[in-house]
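Consider the two complexes below, in which subunit A is the common component and subunit B and subunit C are the respective partners.
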Partner chain A sequence: MSTARIVELRKGVLKKNDELAAGLRTRFEDAGVLALNLVSSPGTGKTAFLERTLRQLRMVGERPAALVGDLETDNDARRLAVSGAPVRQINTHGRCHLEAEMIGHHLEGWRLDDYDYLFIENVGNLVCPSSYDLGEAIRIALLSVTEGEDKPLKYPSIFNSADIAIITKIDLAEVCEFDRELACNNLREIRPDIAIFETSAKTGAGFPEWLSFLVGEKERKQAAGVVSP
Partner chain B sequence: MSTARIVELRKGVLKKNDELAAGLRTRFEDAGVLALNLVSSPGTGKTAFLERTLRQLRMVGERPAALVGDLETDNDARRLAVSGAPVRQINTHGRCHLEAEMIGHHLEGWRLDDYDYLFIENVGNLVCPSSYDLGEAIRIALLSVTEGEDKPLKYPSIFNSADIAIITKIDLAEVCEFDRELACNNLREIRPDIAIFETSAKTGAGFPEWLSFLVGEKERKQAAGVVSP
Partner chain C sequence: MHELSIVQSVVTTVTEAMAERGVVRVQSVRLRVGALSGVVEGALQFGYEIATEGTIMEGSRLEVVALPVVIYCGTCSSLAELEGVQSFRCPTCGTPSGDIRQGRELEIESVEIEEAA
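Showing the complex of A and B:
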């Protein structure tokens, strides 16, 4: 089988995914739900970050929900459900990324009108999720201070497709000799207008700014929905 | 296009890869080269681990060489070349794993008889590289103390296909509240007979045991080569 043939087939899969994602995007917009797709390497701390985000959003009266993707186990859904937010686990059984079809399937039975935010935690992978639109309004790439400042340059497709970068585990920055300026420069080299938040799910550093941003985005989106035809 | 059709095509790609990998394995064995395939999440510290391994092997008169895979940049090859060992960069340009064909191509011009070890540093990805045999004798899965003890359970295919697990950044274990026993139990749940080394490329912890193991494996392999028909 030729490489050209595989490329052609892959295009078909991505085209189908794009169509399903466009349908999801319309549903999210109609319901006034801010959908966010979280991508990172395994171990960056997506779940810890999301755990604190869900808990604090609920604390200020917001209504978040979450879908969480993993090859196996429902560990993450169980961790996140402690926040009190509705959470569902998606097990991909070997698939290295989430696809729009899985999102649609796992939303069944949920009334989107009941939520302000839908967080989608992707499978830990800095490569493959970049090609799969999940209908999100905002794509978030997370990067921990323990991973090295060069990751944006080495995995450009994922950082180039992200709207926001979250630097995680900032409490470990000093012990890891993390070079903040270099990391931010590398992020901006790949994606010049990317917004960067520096956070620690352990200490809560950076969360006030992050939560203010989220609530602002939701309000902006819902206000735009009201005035649009 | 049906999923069944894609699965069928994927099988074809893997079959071709397996054939090429079998050819590589024979070449490595004939030349008495111990080939090792290093897989992990991005940011686990594969390059720092390999940097110290190459330097110390050369210090004791061994002859290592390395191939290093990344989507983009030749940062890693430049870092590793400082050791004095022959190193070549493989840029996959978006491909999320190394394949046997890339290995064969990048070995061109090297006389394998001149080396005792060939280290192959895979693209940082805990999912896709698990399916691609590169002709290695030993597959090594690396896991850093910063990533969380549950990674073997969440990415079982990569840990299940590994012969050795290297726990990296052990110098950060305390500050990350790393649960060593839990991590080792999870590794053994997925791969009961896996050998585990706990290391720090920064302090050198665990390297004497790791290097002794490597030299022992090479000697065992070369002795077996001599007595085999």
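Showing the complex of A and C:
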């Protein structure tokens, strides 16, 4: 004999990842590290954007570090390491997104106190990374002028989860007949309070604004960390 | 496509929780999936049969309860359900809102089981 019944479970499917991410978030906060998770389609310009960000931060005496996820290669890590910042590659072996466990694992041996920023370049993918919290303080979704203004509408889950949008390759805006106002409206339709920066990793356009925002965020974060017990 | 790893963790979570209760067979699993969770039902169903093979969940059904986005509108001082995920504005007054109260869920609600009597 057997009987059927319903068991309430109420368990988050990604509970394990969420718990690991919460642990990372606490570590980053305790160490005064501003952690940023960068997501976009393949080829939007995450690595190029980070190359310049790392280089310019170091030029003004800031201490950035980076983790970069890639399906198979370590090309991006090599490009970022040119800046002189500590960089580690996370090879996902075909996995289409980074998970909190991979971040924890790849931080081993690093003293977080030595850094002010941790940039995490996610795998180029606008779908899967949206579900996985990496313990970041800020999630950045990048969108290039060559991709079309309607990207945010096509991938609402990821753009809604982003705190900041970076429009990349702005040097190509004119040839692509990029409609800046439409792109910004679409972004705000999906995430009304999103902060938007328009940049070119090639010419450096938009970087002064972006960098001063970054440094401001870090200082705010570190000041908050000092007051709290 | 990360639905396969999502399904895999559903199977792990359910089989572990059921093992503690002496369950011999799972008949169905009910999943709550928010419109902003980033997963697609079709892809979940596709992976489910393979992922449950050889477990106490083999042959069981996956029921997906789709949850719409609910925002809080400060202007109306009330919650509002959105029809889709293309515009995050209050359907009553049109004010944009980033205050999401429902829609990111990816949660195992319940499991229908057969127990040895």
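Just so it is clear, the second predicted complex is superposed on the first by the 216 of 229 C-alpha atoms of A that agree within 3 Å, B and C clash if a C-alpha of one lies under 4 Å from a C-alpha of the other, contacts with A are read in each partner's own complex, and residues count from 1 in each chain.
Convention: a residue touches a chain if its C-beta (ideal position, glycine included) is under 8 Å from a C-beta of that chain, and two chains touch if they have at least 3 such contacts.
This structure is a prediction, so every number in the text was calculated from the model and none was measured.
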- Query: Of the two partner chains, subunit B (first) and subunit C (second), which one does A:Leu153 touch, if any: first, second, both, or neither?
  - Reply: both
- Query: Now for A:Glu72: first (subunit B), second (subunit C), both, or neither, which partner does it touch?
  - Reply: first
- Look at A:Gly12 in the shared chain and tell me whether it touches subunit B only, subunit C only, both, or neither; answer first, second, both or neither. both
- Item | Partner chain(s) touched by A:Val60 [first = subunit B, second = subunit C, both, neither] | neither
- Please work out whether A:Arg191 is in contact with subunit B alone, subunit C alone, both, or neither, and reply first, second, both or neither. second
- Note on the structure: In subunit A, both subunit B and subunit C touch residues 1, 5-6, 9, 12-13, 16, 96, 127-128, 153, 156-157
- Within the complex, which stretch of subunit A touches subunit C? 1-16, 95-97, 127-128, 130-131, 153, 156-158, 160-161, 188-194
- Message: Which residues of subunit B touch subunit A once you look at their complex with the stated criterion?
- Response: 1, 5-6, 9, 12-13, 16, 41-44, 70-73, 75, 94, 96, 123-128, 144, 146-148, 150-151, 153-157, 169, 172, 175-176
- Please give the residue numbers of subunit C that touch subunit A in the complex, ascending. 1-2, 5-6, 9-10, 13-14, 17-18, 21, 24-25, 27, 31, 36-39, 85-89, 96-98, 100, 104, 106-117
